[in-house]
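Both of the next two complexes hold chain A, though its partner changes from chain B to chain C.
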Partner chain A sequence: MQPDETLLRLEAVQKRFGGLVVLNNVDIAVGPNELIGLIGPNGAGKSTLFNVITAIYAPTQGRVLFRGKDITGVAPHRISRLGIARTFQLVRTFLTMTAFENVMVGAVYGAGGRVKYATETANAALELVGLTAQGDMRTAHMTLSDRRMLEIARAVASDPALLLLDEPMAGLNPTEIQRMVDVIRRVRTERGLSILWVEHKVDAIMKVCSRVIVLDHGEKIADGTPREVTQNRKVIEAYLGEPAA
Partner chain B sequence: MFNLPPPDILLQLSLNGALGGAMYGVAAVGLSLIFGTMRLIFLAQGAMIILAAYFVRTLFYGLGIDPFLSLLIVVPVGLGVGWLMYQGLFRKAAAEEDRNVSLLIAVGLMFLVQNLMTVIWGGNTAGVVTSYTASGIELLGVRTSFTRSMGFLIALAGTGLVMLFLRKTMVGKAVRAASEDMDAATLMGISPHRVNAIAFAIGISLAGAAGVAVATTFPFNPFAGFIFSLKALVALALGGIGNVTGALAGGILLGLIEAYVQYFISGGWTNAIAYGVFLLVLMFKPEGLFTRPYKKA
Partner chain C sequence: MSRTLQCIAIVVVAALALLPFVPGAVDAYYFSFLFFIFLYAIMAQSWNLVAGYGGQISLGSHAFFGLGAYTTAILWTGNYLWGSLYDKHPSIYYFDPVTMLLGGIVASLAAVIVGLPLLSKLHGDYFALGTLGFGEIVKVLFVNGGDFTGSAFGIVAPAGMFDTLRPHYWVALGLMVATALAIRALMRSRYGLALIAVRDDEMAASANGIDTLKVKVAAFAGSAFIAGVAGSLYTYYIFHVGPDSVFDLDWMLLPLMMTVVGGTGTLLGPILGALVMYAVFDLARIVVPDYHPVISGLTIILAMLFLPKGLMRSFAGRARTG
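Our next item is the complex of A and B:
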């Protein structure tokens, strides 16, 4: 991959909370239109990594580059205008608003305050996730899986180049999981986005992603195709524990 | 048990209570907006109301501008003052996770404004007496004060405009989004400082509108505002924090409670019972009387 083609690049990112090192020397490069799964046991630093990328946390050391520009320490509200959008592990749609209004917030503010084509953008995003019929429904009345879909629509409406998904399948049943997989694939193929996808359901990641990154105790221990990753000794140890000597 | 008074007295009581309570309500709407985005109880709201009342009085006696006409000046000035107040006093503290600094700034501001008013206008009770101050109008078959009725209209109009702004405009939706979840709103490109400043601007302009209502209805002094802040807080709790129409309704309800207590029990009990209701609501229905709680996912 050419370096100028890299969309997101983390360089030796370290994040400490007091004496606790949550991310240590993490290098990650995300290319255009890649779908990358990010897995790791609980406490591996996956959510912290998302918070560093979206500038909620400033890294203790290292840099975050987006489209070749250093974005370490920019104001979090500028992140989405630069082209990074995310969803949350615990869904954070705006419950007092309708589905359409939620997506409009993304289309207007996420895309930098333009109102002109916002309605079209919002409708297209709702269509993409299959929520057109629920546009006027108050989000508080929607099911969890619809809210997860709505979060993706809201993120897509902000016209990002990179989409960060934080456990979009948590709490979904098998049918809903299949629907989610379809939507993630559509977002990638129809919108041409790069996706960095944190997930606990490792089997789904292995089936859908062409590249998988594994974090353990704040360090990147594997980065490769699903086949390479599942055969990696460190990964097996991280998930199953060390073999008895 | 006490005997029920004749219906016309009951109606009179209710009307007076509701009209007076609307003023708590409009103060509470301002508190609600500022609390919504900043999670700050803006204790200086009452002092700002009294400051506006003095401003209205100065416009009247100095320049001969009718108090109700001065709304056209006070409301836009309030917008500007609120915006500047946020940028100058609260912007830095708002970036901190800890809200105590902002709260202390609000308390400091309250004392500063109170004492500045004392220096400028003296500590005595002041008022605005116009040709229509003592006049009354017939409402629902009961006679009531003209200025109180105007105050009620101002409260309704103010709350209505705020509601329209929050529901119909994109900026208003950004304020609602930020009130519900600041982090998610921020990552959707909404600047926290922008929405905080907007909330402050609207909150202070509502204080201005309330100041007009106070100046025309009650005598006031530089320290009268604190009671308004407290009563607005009670109205906010009754109505449900973060609920704009609820805040107005909470104010009206508080006015009714006060009017009934005054009549049926005694004037001395008014405040004790008002604050007692405040505590009971917070203990047993903290989401407010007018909101149905919904489950978060």
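Our next item is the complex of A and C:
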């Protein structure tokens, strides 16, 4: 008997598109309040992994467990209400809405889902990412970095236990990246969330995360502290190729 | 909506409501002209709900309009509702709220049955074509419905009820105002938030806990309900309900154009569009009867060129900048 502290558990997840195996036998466990970086070369299967967790794709084999419950193939909106929130690699905000309305969607329909406190929840989430002043701004008029922040605010407002970030730093400049690092840290410490964070900016991941998972060609090749991972032979080969001799 | 606009709206509606009391007004040409503007404004609101706010371009409004019209005619001529009461009160079906409501309900039930498969499988243009196909199917079903639907000729309701256009006018005006108020309330509720979210980005909406299929089907059904009630109202005007009259594509195309010209996804756009476009259509019909479709078509092209966002947004935009 083991009291299951694990929040999210992937068991032997496989995803095939026709003959192409995008995820192969991936096991991942995410504990409470963990900040885990998920890295890997292009086409390693990182975004597909997120899409399997949030049920946009059904895995070909394997199971996804959230708080010990099998959530494989559950409808995406149910996943959100169970407490898994996400952002998208290509930002997906509601462009005709104001920033505040965007966040309200998360507050009203997400895992918290109570209309009564939705306004307070939404304002707190905007404050957390530093967008309070832009609350009434139309999302279509916001900068990319603000929209990425807004996506995080919307996800946080849905009161999740687990937050999946899909390349939140893509397209941001160094100042904006620093701001994003601060926001991710704040989300974790102030809200007590677990975060699974896909990123191409490996240096940022290594600085901020206590644990890093590396995917390559759909397989998990490393899982450990940043130090362990950077010294892992398979990881070095995945990024730099095999040594010549 | 600003306070001034609200005051203007209340004054205009009050004036329109009192118009039938003006001597001679009921017999004037503009009286039926106004009735048709109200009717088209209701249809435009119906299309705006599912397409403008919901982002699901439906080309099946005429099917729901016709279903409402036929439901009313069938209930009435077959006396399915009031039994022996009908003998005592021969006018019991005339503007009967229950009959009109059932017209809307039948249309929205059809929308749910068709919407579930269409909206879960088809997106964008494909959904639009699916609804267009649905309209054709319904029309064929009614043409081949035997005595129940009156086949190709349709059904004639007792026209002896008619002595004045007043009730039509008031009911149409009331329904137009009620529809606008209902949609206004809806769009301020959590449901309105979900509808816009689904329109803007379906994947993000479902990732934030919105059951997108439910929202889309509900919008489709709500739109069909409004169109069904409008169809029911039209039965009391035309008395002869036939497949070529109530399932005519115009009942979908004209409200669509009116909404686009007035401003999709705005509350007053459909009403303003109905007013402007119906006036253009009607004027062209009177002044240049041989060429009136040309004038109407030109107006739409010009509107799209110079007011691509519709009248409402163009004016609102100008007011904000100037």
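One rule holds for everything that comes next: the second predicted complex is superposed on the first by the 240 of 245 C-alpha atoms of A that agree within 3 Å, B and C clash if a C-alpha of one lies under 4 Å from a C-alpha of the other, contacts with A are read in each partner's own complex, and residues count from 1 in each chain.
Keep in mind that, in the parts below, a contact is a pair of C-beta atoms (placed from the backbone, for glycine too) under 8 Å apart; a residue touches a chain by one contact, two chains touch by 3 or more.
Not measured: the values here are computed from a predicted model.
K.L.:
Let's test your reading of the overlay: on chain A, do chain B and chain C clash or fit side by side?
P.N.:
clash
K.L.:
Which partner does A:57 contact after superposing on A: first (chain B), second (chain C), both, neither?
P.N.:
A:57: touches no partner chain.
K.L.:
Looking at the overlay, does A:147 come into contact with chain B only (first), chain C only (second), both, or neither?
P.N.:
first
K.L.:
Pick one for A:239: touches chain B only (first), chain C only (second), both, or neither.
P.N.:
In the superposed model, A:239 contacts neither chain B nor chain C.
K.L.:
If you stack the two complexes on chain A, which partner ends up touching A:101: first (chain B), second (chain C), both, or neither?
P.N.:
Both partners, chain B and chain C.
K.L.:
Counting only touches as set out at the top, which of chain B and chain C does A:90 meet: first, second, both, neither?
P.N.:
first
K.L.:
Among 8-16, 80-88, 260-268 or 314-322, which stretch of chain C shows C-alpha clashes with chain B in the combined arrangement?
P.N.:
For chain C, the listed stretch overlapping chain B after superposition is 260-268.
K.L.:
Please identify the positions on chain A that touch both chain B and chain C, taking each partner from its own complex.
P.N.:
54, 56, 75-77, 79-81, 85-86, 88, 92-97, 101, 104-106, 108-111, 113, 115, 154, 158
K.L.:
List the residues on chain C that touch chain A in their complex, please.
P.N.:
Chain C residues touching chain A: 190, 193-194, 196-197, 199-201, 203-212, 265.
K.L.:
Going by the contact rule set out above, which residues of chain A touch chain C in the complex?
P.N.:
Result: residues 54, 56, 75-77, 79-81, 85-86, 88, 92-97, 101, 104-106, 108-111, 113, 115, 154-155, 158 of chain A touch chain C.
K.L.:
Quick check on the complex: what are the chain B residues that touch chain A?
P.N.:
Interface residues on the chain B side: 170, 173-174, 176-177, 180-181, 183-192, 294, 296-297.
K.L.:
Okay, in this complex, where on chain A does chain B touch?
P.N.:
54, 56, 75-81, 85-86, 88, 90-97, 101, 104-106, 108-113, 115, 118, 140, 144, 147, 154, 158
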